[in-house]
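Order as written gives the chain letters A, B, C and D; numbering starts at 1 within each chain.
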Amino acid sequence: MLKFGLLGAGRIGHVHAKTLAANPDASLEVVFDIRQEAADELAKEYGGRGVTDEKEIWDNPDIDAVIIGSPTPLHVPHIIAAAKSGKAALCEKPVAMETAKVEELREALKGLDPTVMMGFNRRFDPSFARVKELMDKGEIGKVEQVTIISRDPAAPPADYIKVSGGIFKDMTIHDFDMARFLLGDIDTVTTIPQNLDPEIAACNDYDAAVIVLTAKSGAVATIINNRHCATGYDQRLEVTGHDGQLNADNQRPTTVSLSKDSYSLSREPYLDFFLTRYADAYAAELNQFISIVKEGGKPTPSIEDGAQALLLAEAAEKSAREQRPVKVGQ
Amino acid sequence: MLKFGLLGAGRIGHVHAKTLAANPDASLEVVFDIRQEAADELAKEYGGRGVTDEKEIWDNPDIDAVIIGSPTPLHVPHIIAAAKSGKAALCEKPVAMETAKVEELREALKGLDPTVMMGFNRRFDPSFARVKELMDKGEIGKVEQVTIISRDPAAPPADYIKVSGGIFKDMTIHDFDMARFLLGDIDTVTTIPQNLDPEIAACNDYDAAVIVLTAKSGAVATIINNRHCATGYDQRLEVTGHDGQLNADNQRPTTVSLSKDSYSLSREPYLDFFLTRYADAYAAELNQFISIVKEGGKPTPSIEDGAQALLLAEAAEKSAREQRPVKVGQ
Amino acid sequence: MLKFGLLGAGRIGHVHAKTLAANPDASLEVVFDIRQEAADELAKEYGGRGVTDEKEIWDNPDIDAVIIGSPTPLHVPHIIAAAKSGKAALCEKPVAMETAKVEELREALKGLDPTVMMGFNRRFDPSFARVKELMDKGEIGKVEQVTIISRDPAAPPADYIKVSGGIFKDMTIHDFDMARFLLGDIDTVTTIPQNLDPEIAACNDYDAAVIVLTAKSGAVATIINNRHCATGYDQRLEVTGHDGQLNADNQRPTTVSLSKDSYSLSREPYLDFFLTRYADAYAAELNQFISIVKEGGKPTPSIEDGAQALLLAEAAEKSAREQRPVKVGQ
Amino acid sequence: MLKFGLLGAGRIGHVHAKTLAANPDASLEVVFDIRQEAADELAKEYGGRGVTDEKEIWDNPDIDAVIIGSPTPLHVPHIIAAAKSGKAALCEKPVAMETAKVEELREALKGLDPTVMMGFNRRFDPSFARVKELMDKGEIGKVEQVTIISRDPAAPPADYIKVSGGIFKDMTIHDFDMARFLLGDIDTVTTIPQNLDPEIAACNDYDAAVIVLTAKSGAVATIINNRHCATGYDQRLEVTGHDGQLNADNQRPTTVSLSKDSYSLSREPYLDFFLTRYADAYAAELNQFISIVKEGGKPTPSIEDGAQALLLAEAAEKSAREQRPVKVGQ
C-alpha cells in the first residue's frame, strides 16, 4: 500500500484523487491546496486530510509518493521538493511553461536520481496502448503516416485560457507526446493555426490548429485540434504503415444504436470528457507508477519525455506565429 | 446476344425489363401482358414491342428465352409453353401456388429436358453469395445456426395480399430458398406467426412471423419476417459455424454518416426495396441464366429448388395454422 | 456502509466478492462455503473471514445483507434463513430448480415481508438498460419483435452440466428474464433444441437452441442460444418496434481495428465471459440492491420475477422434449 | 442520344468508353489515339471506330461532344479544337501542366463561349455529393475543418511518374478540387512532402504528402496523400462544422464481415481503384454533362475550377520545394 500526497485540488487533482481512492494499492493521505476549503473537500470525498502548507507533505515521513496536479508554474518546484524529500512523483503535463525552466529542473535534480514520471495519461489508454503494441509487433510494417484527431467538447473559460500557456502547451501537449510515443524523435513542426472563437482570439490564443510533425524516421504525424466538438470528446488515432493500418475509434457510454425512418444505426455521442474517456488510462497510469515505485526501474514517460513535448509545443507556437516550419529545439 | 420475351408487365416485369435493357448480351424483343397499355409502356421504355397474345412469343422463332413474371397461377402453364416451344425460361418465384401443381408440371415436362431456372435472385446478391463462398471454403467450420432477417419496408395493399398466396409463399419463399442455399435439405418447420396489422389479419393472412427450420445436417435456421420496417428493407444474414461467424449487413445509398450533439455516426436508412437493394442480384442472375443458355449445363436454382421452397412454404403455413412443428413434405 | 455475508465461494461467489470489494458503500464481512479453503481464499482476497457454518452469518447481528451464490438447491433455504434472520438478500438465478420449490418458498416467507432481490444482472447492463429506457420513452413505437443472441464462449465441463438443471434453467434463464424485462408476461414457449456436442447430449442436455416466446402483447421474442462461440461471449439484443429499432452490440477490450491487404477494420474478439462483459452490470446491480436496502422499496427483479423465469425455463424444456409449443404455467 | 468522340485510348479513356457504353443517352462514335491498335481495341469493345487523325473528330458533323482523355499537354489544344468545331467537351484533369497554358487557353476561347466541363469525377460520387448537400443544408453549422484522406493502392510505374507533372498535379489535383468544392476559395497552401519510395524520389517527385489549405472562410482543409495503401484505394472525407460532423467512409465489394477466434467483424479490403470505386461518379458526371449539353447552362466544374485546382497544385509544389506556406496565385 503506497501512501500518497496530492498537490492541487483543482479539476485534475479531482481526477487523481478519485483514481487513488479506487486503487487497492494506494491510499490518499494528504491533499494540499492553497484554498483550505478545496483541499478539505477533496480529502473528505477521497481520503486523507486537507492542508494549505505543502511542507506537511514534504516533511511527512509516512508519505511515499506525490501526485503533482498544481498549476503549471509550480510543477518544477514541486518536482524538486519531491526529489529532495525522497518522494516519488507523478507530475501532470506540461513539465513547465518554458524550456528554460526545464534546464533549471535538470540542474536541481543533478545527483538526486529521483523517481519522476510524467502524467501523459493517453499512453495508458487501452486502445492507444494496443495500437502501439500491434505497431511494435510489426503488424502494419514500417510506419508512414499518423493522424491524431483531438477535439475537446468545449473550450475552457477565457480566464483559464489566459493562464493556460496557450493551446499547444495546454492541449496539444498530449498529442505531441502521443506522436513521440508512436514515432520517436521529431525533427520539424509546421503549424496552421485557426481562430474560430473571437473570445479566445482576444486572449491572443488559438482555438484550433493543424500541426504536422516530421519524424526523424521519415514518417509524418498530423494533429488536428479543436477546442470545441459538437458530439463530445473526439479522440481518435490512425497509424498507417506500409503493410496496413491501425485505428483507435471514439468511445460511447453504451453500444446501443437507434434506427428510425430517417436514419439507421445512430450511436450515442462520444464520452464527454477526459474524466470518463480516460478513466481507464488514469487507472493504468497509476498502476504503472506504483509498480515502478515498488519495484524500481526508469519511469516512462520521463521528465525528458516531458521536456521533448514542451519543445514541440514551443516549436508549434513559433511556427504558428512566424508562419513557417520550425526545427525542434532551435 | 440473346433475344428475350417477357411475360408480365407488372412490378416484377418492370425489374426484369430494366435488367435486360442494361445487359449488353440481352435484348428485349416482346413484352406480353393481357393489358395492352402496360405491355406497350414497358416495351417503349426498355425495348421490343407489347403484345396481348402470348403466342406471339411462343411462335416467334427469333425469341431464344423468356422471363416469366406473370401472376403465380400462370407460372406452370408458361413454363410448359416455353419448354414445348424450345425456349429457355427464367421463372419468378414461387413456381406454383401449391405442390399439386408442381406435380402436373413435372409430368408435362417429361422427356422435354427444358432449360428452366427459378428466379431466386437473392442467391446472386454479391454479399449473400460471398457468405456462401466463404462458408463453402470452410472459413467458419461446421455450420450450426443461421439467422435470416427479412423485413419489407411496407405491406402491399390488401387486394394484393388476398391473391398473394399468403406471407409464406409470397415473402418467406425467398428466405426458404436462402436457408436451403446455405443448409441444404430441411427436415422440420416450426412457425410462430404474428398478426400486427388488423387489415392483413382480416385477409386471413399473417404479417409477421418467426420460422425455425431444422436442417438434416443438425443446423437450425431462424427466419424473422415482418411486412413492415420503419428504416427500409431490412435484409440481413448471419451464419454461425463452429469456428466463426459470417454476417451480411444492410445496404444504404451512400457511406455518409452524420454526428451532432445528441448522436454520432448516424447512417442513412436502408435501401428502400428490392428494385435498388437487389439490382446487382438481378443483374448477376440474368448473367448466370444467359451463360447457361449459351454454354449449356443444369440451371441453378432449378424447378426442384422451386418445388422445395414451395414445400417449405406449405409446411410453414400448416405449422402456423396447427401450432406445431411440421415435417417437410408430410 | 452495508455489511455483507456471502454464501458460496465458487465462480459466481468470486464475481460478487470482487464487486463488493470495489463498492465504497459495501464491506464483505463473512464468506461461507462448506470448503474452508475456498471460503478463506476468497475472504483473503476480497475481505472478511471464511466460515463453514452458515449460522455464523445468520446469527451475526453485524451482517446487514447477504449475497446468495450457493448451489441452486440451496437458494430457497438460504432465502428463508435470510428472511428469518432479518437480513436482506440478493440471490443468484435461478431461484430454484423447480417451480414446486418456489411454492414452498412463498409459503415460508408469508408474513415475513423480506427484502429479496434476484440477481438477473443483465437488466443492469448499461447497454441493455439503455435499450429498455429508450423503448419505454416510445422511441421505436409499439414493440413487435425482439431478438436475443446469447452464446457462451465455451461449454462448462460435463460434471457441471449434469447438475446444472439443464441449458434452459442454467443459461437461457437470463434470456427469459430479459424477454420479460422487455416484453412483460409471456404466453407461449416454443423450443427448437440442438445437440451439437455429443458429450453434452450424453448428459441428456442440449447445447444450443432457438426459443420463441409469444408475449401477451402480441410481440414475439426469439432467443438464440449456443454453449459455444468461437469469437467469445456473443451477447446482443435487438428490439424492433413499429417506428424503429434498437440494437445493443457486443463489447471488445478496446476500440482498435486493423486493416491489411486482405481485410479491413478487423476488430478484437468479444469480451470473453461474464466476469468482464458484465462487470459494470454486477456493479450497478449491487448499487441498486444497496440503495433498496438503505432507502426501502420493492426490490426488482423480485422473487416473482425469478419464479416467472423458472416457469419459462420449465416450459422451454417441456417444449423441447414434447416438440410442441407450451403455454407458460401449464 | 448524344454522339461522342473520345480522345485518348489509355487507362482513363477506357473508363470513359465504358461509362459511355452503359449510358442509354450516349453513343461512342469515334475513338482517337495516335496508336491505331489502342484506338481500335477500345472502339471494338465499347462502340465506334478507331482513328489516328483527330480531324476525323473535329470535322465530323455527327459528333456532338467529346471526352478529352489525352495526355495532359494535349488538353489545351483539344479544348480549343472542340470549341472551334462547336463541340461540347468534357476534359480530364488537370486542365494543363502549368497556369501559363491556361492563360493561352482563356485567350483562345475568347468570344467562343464553348461548353467545357472539367472531369473532377469525385464531385459526383454519391457519398461526397451527399456530404456537400447536407453541409449546404446547414446540418453541421459553420464549417471549421475538413480532412481528405486519399491514398492510391499502388504507385504508377516510374515511366508514368516522370511525365505525370508530379504528385500534386497528377494525384492531389482531385483533392484540391474537392477542398474547393467544399470550402470555396483557398488562400494559403502548406505542404509537408514525404519520400517513402526511393524509386519515386529518383524521379524527383514525392510519393506522399500532407497538404494543409487555409480557406478564405477561415476553415482549414487537411489532405493526406499516399501513392500506396495496403488495404486498397483509401478514399475518405470528414467535414467538421460547429454543430456536427459528416463522414464519407470507404467502400467494399460487399457488406460481408467475418468473425473468428482471433478477430471480429473483419471486412473486405477497400474497392481497389478508381474504376470500381468511382464507377457511379463517372456515370453521374456523364449524365450531368449530357444534361448541360442538351439543356444548356454553365458547366460545373468549369475551366476556371480546373485553373484554380492547378494553381493549388503549383502552390503545393512550391510550398514543398521551398518549405514554407505559399499564397495561392503568387
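What we mean here is this: a contact is a pair of C-beta atoms (placed from the backbone, for glycine too) under 8 Å apart; a residue touches a chain by one contact, two chains touch by 3 or more.
Everything numeric in this text was worked out from a predicted model, so none of it was measured.
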item	value
Contacts common to subunit A and subunit B (chain labels)	C, D
Most distant chain from subunit A by Cα centroid	B
Length of the line joining the C-alpha centres of subunit C and subunit D, rounded to whole Å	58
Euclidean distance of C-alpha centroids - subunit B vs subunit C, Å	42
Residues of subunit C engaged with two or more neighbouring chains	140, 230-231, 243-245, 250, 258-261, 265, 268
Contact graph of the chains (line, ring, star, complete, other)	complete
Complex contact set, residues of subunit A against subunit C	21-22, 24, 126-127, 130-131, 134, 139-140, 243-251, 253-261, 265, 268
Subunit B-touching residues of subunit C, taken from the complex the two chains share	140-141, 144-145, 147, 149, 151, 190, 192, 194-196, 208, 210, 212, 214, 218-220, 222, 224, 226, 228-231, 234, 240-245, 323-325
Subunit C residues within the subunit D interface of the complex	230-232, 250, 252, 258-270
